[in-house]
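A, B and C are the chain letters, set down in written order, and residue numbers restart from 1 in every chain.
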Amino acid sequence: MLLNAGDKTAWLPQQASTIAAEVDSLFYFILYWTVFFLAIVVFFTFYFGWKYRNNRGKGLTSSNDHNTFLEITWTAIPFILVMIVFFWGADSYIKMNIIPYGAMEVNVTAQKWSWNFKYKEGFSNPRELVVPVNRPIKLILQSQDVLHSFYVPDFRVKMDVIPNRYMMTWFEAIKIGEFDIMCTEYCGKSHSEMLGKVRVLSQSDYDKWIEEVNVVDESIPLIDVGKTAYKKYACNTCHSTDGSTGTGPSLKGIWNTIVNHENTAQMLVDENYIRESILNPQKNIVTGYPNGNMPTFKGLIRDREIEGLIEYIKELK
Amino acid sequence: MREYLETNYLNQETTIKSWLLTMDHKRIGLMYLFAIMFFFTIGGCLALLIRLELLTPAGGDVLDRDTYNVFYTLHGAIMIFMFIIPSVPAAMGNLILPVMLGTKDVAFPRLNLASWYIYVIGSCIGIYSIVAGGVDTGWTFYTPYSSTTDTAVISMTFAVFVLGFSSIFTGINFIVTVHKMRAPGITWFKMPLFIWSLYATALIQILATPVIAVTMLLLIMERTFQVGIFDPTMGGDPVLFQHFFWFYSHPAVYIMILPGMGIISEIISTFSKKKIFGYAYIAASSMAIALFGFLVWGHHMFTSESELAALVFSFITYLTALPSGVKIFNWLATLYKGKISFEAPMLYAINFLLLFAIGGLTGIFLGTLSVDIMLHDTYFVVAHFHYVMMGGTVIAFLGGLHYWWPKIWGRMYSEKWARVSAILIFFGFNLTFIPQFIMGSQGMPRRYWQYDGLANTELFHFYHILSTAGSWMIALSFVIMLIYLMHSIKNGKVSGSNPWGALTLEWQTPSPMPAHNFLEEPKITHGPYAYDEVEAERTID
Amino acid sequence: MSNEKTQYFQHHFVDPQQQHEASKFGMWAFLVTEVLTFAGFFCAYAIFRVWSPEMFINAHRALDVVMGGTNTVVLITSSLTMALAIRYIQMNNNKAAIINLLLTLIFAGTFLVIKYFEYEHKFHCGHLPGAFYSPHISPDCISIEGNNPHIFFSIYFMMTGLHGIHVIAGMVLITWLIIRTTKGHFSPAYYTPVELVGLFWHLVDLIWIFLFPLLYLIG
């Protein structure tokens, strides 16, 4: 059902969006000319090097030392080629920047070190951007802290994400599947772990997902909900489960212990403590982590997920 | 004459004070040479460690997250500010420019010494910054991360600020020397092309470096006084920093490459025993590159600026690329009907032609708007700039080092080992960086400590292994080079004044050079490349 | 005469004429770098002014035009006395030259004193850059409307601060000249350092002539 969805090649990933084929054609055009000119340089270097090799030959060489015609030719031909490339590139670029009318809008929030996607229906989905296939999707990007960059190689989409400003870009997926999202503007410690996924579904699957996403499946055991939430909300980028210190304290063995805080409060790690740490993390910061980097998850995380995390932490001895 | 000048600039005076307070451009150049090679070694070791970490997709085998981020930042900052920008102008330029122009020294020898000490101070501040834990912002120091991270940003940016003055003073010195102190008979169009390249570079140095000084100052102000010009919550704009930063840093890359291109002109002419083809065009292209280089800074920001700006910058970027192409064609035409020999400097020149061609051509991909969206901030960019900076400038620098080595020390290195090293570096370099082009176009982002959990992880893993293997080959070739070069200083064959049979003025004086450059007033009877009129005897066989 | 020649002539040059030309050219090249440095700050000014024109106009009212105007006159006069000093050396009148150099120094000092009072008032009113901006409402401190007025003061302090540092540097150089002139180092045959410092001083003046209207007189 999906035309023009090219496969991965030696140089480029699969073409999973409408613009990919066009960008790729230009890439190959430049590649072929690059190889051609490189071949010229290689050929003449080695050919002249071999033909005129003459170790310490005596005698003078020719005084032929300029040729205006040649100079003009080897300036003009590259000039024409780069102009072709410029106009072609500019044309595709403009297409990549003009957002189709009626595109489905999703707000993308970047923060150290996770992605969050907010849909017009009012809910948030962390880490995963779920979209229907064959529909233009407009992304409105903003950062909560430093510069980030939203990059989906399979779609050929990239846009820097800047604090206090909205950046916009768009894509239309032509292939159903999962595609990597990577942050590609250095943003600190866990920059290379700031990953996500675009999940492209058929329109009907997407509609189903929209209905179900706010419903939390009560049949899944709390501890599994907790384990999933731990990854989903990128807790792993700051809180380890094996005792090693990261940007935040490890979660191993903290349940039911007394913890000291920067504001001298000593608190017991119980259900309320964990809930407050997730919803209002700046209130009590653990001693030794004075920079207090943890953002709040209020409005993002669901109650059942908090309960699940509590169960999970209980198990981390 | 084939002899070693017994009393020369190296031993005319031997006290420590005579070195520390020297005003001899040759001694200053030599001190710069050792300093930059020292920093190159440090930057290179950082690179080897980074490449070692990247052998596996998971992070943490060799370096932890924080250390990795600090290492790649320091690798960039050290290589750019403490090695490559001073490399050809301050080391080679200082050693050779006045001699090539037939004069006794640069215009302002005391300023030259000051330039050296400012470089030392700036580098010490940089070392302090490293010892204080280093910086993790990337050498580009983008705000707001750089204005908020708690690493040693202020000391490193201050080091860059100080180092900038060293660059500016060298630039002023060279401009005035070229304008006012050429020996009679050396008109503008009879100057060697190395001088033209240093002149164009010096123009960029004095015009662009003040802007990085301002940028670093603004960042320091931002961090200490929170002035708020880059902070969006205080009405500032983080992208403004990028404009300021790249307004210098793009011309800076031409500071890096132009002198290297000048060296290549010298080497190709000498080792083809033929007049350089298109002299005027090569000189003009250096000036054109210097001018256009100021107009393209926005091509580093295609993913964060207005579309109109992007269109303009992309267009001008192509125009900037054309003069470099002109040079390559002119160099190839010089080989035509020459009498070519393949000693080490020529092998480096050939290296340059091939590697710089790749580097320059891959720039076309990045200047193309739609393709750049895909390639920006990926390993494609990393590969591109290593091809032009390392495959270009460093190779040209090594070519110049091997070319002028006998002039500096009066002795030859082992030709056999030099060829081994030159060939090894060619293969090692390509092995290191060609895989990076492919990784980049397949989606591997820059500045990643780990690359686990991606669809392409296995593919990246394969290419990273190749790349790391290549880095060890490069390291080996440098180790070999260090050994034979150091060995030659005391034990090399005496080279005499003109081992290559070249025609520029520095070869008409004995080796090592006399303290005041010439024993008798140099007489200019022919142009610098007049191999069709004059035959100069090689002093070595 | 030949004594002086051997005293100041540097032997890597071919003759004193080449030395003089080279020195002057070098100073001009250096001044170009200074212009580029300040140009960067002027750019920042322009950009923020375009983004918040109202705020700039409101904020600049906190600056004292009388003090700024006086400083402008002071600096221009100091450029005059500097030029006169050079003229007097050319006419072999060391005494008048020293007097004019001293006057230049005094005017420069006056500039800094007036600046000190201006800065003091800013501190008093809390009109400070960036995070230190804490406006203090009182009869002698105007209140400023608009977004982020601290930006205006960031730019004000950075630009006038950098300029002030250059004034101090100039004063050090002029003092050095006074000492050397007293010792008789200069004559109509050789006065290059005086000329070069003069060029530098004129640039310092010129930069202020741009700063003053842009900061004090807009709106």
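As a working rule, a residue touches a chain if its C-beta (ideal position, glycine included) is under 8 Å from a C-beta of that chain, and two chains touch if they have at least 3 such contacts.
Remember, predicted model here, so these are calculated numbers, not experimental data.
Asker: What topology does the chain touch graph have (line, ring, star, complete, other)?
Answerer: line
Asker: Name the chain with the Cα centroid closest to the overall protein Cα centroid.
Answerer: Located nearest the centre of all protein C-alpha atoms is chain B.
Asker: Where the CA atoms of subunit A average out and where those of subunit B average out, how many Å apart are those spots?
Answerer: 33
Asker: Could you work out how far the Cα centre of subunit B sits from that of subunit C, in whole Å?
Answerer: Chain centroid spacing, subunit B to subunit C, equals 36 Å.
Asker: Please work out the Cα centroid separation of subunit A and subunit C, and write it as a whole number of Å.
Answerer: About 49 Å separates the centre of subunit A from that of subunit C.
Asker: Spell out the part of subunit C that touches subunit B in their complex, as residue ranges.
Answerer: For this pair, the touching residues of subunit C are 10-14, 18, 21-23, 25-26, 29-30, 32-34, 36-37, 39-41, 43-44, 47-48, 51-52, 129-132, 147-148, 150-151, 154-155, 158, 162.
Asker: Taking the complex as given, what residues does subunit A use to touch subunit B?
Answerer: Within the complex, subunit A touches subunit B at residues 8, 10-13, 19, 22-23, 26-27, 30-31, 34, 37-38, 41-42, 44-45, 48-49, 52-67, 70-71, 74-75, 78-79, 82-83, 85-86, 88-97, 145-147, 149, 151, 153-154, 156-160, 162-165, 167, 178-180, 182-193, 195, 291.
Asker: Note which residues of subunit B are touching subunit C in the complex, please.
Answerer: 103-109, 111, 168, 171-173, 175-177, 179-181, 206-211, 213-215, 217-218, 221-222, 225-229, 234-237, 240, 244
Asker: Please give the residue numbers of subunit B that touch subunit A in the complex, ascending.
Answerer: 59, 65-66, 69, 136-138, 142-145, 148-150, 232-233, 238-239, 272-281, 303-304, 307, 310-311, 314-315, 318, 321-322, 325-326, 328-330, 332-333, 335-342, 350, 353-354, 357-358, 361-362, 364-365, 367-374, 376-378, 438, 441-443, 445-451, 453-456, 501, 529, 531-535, 538, 541
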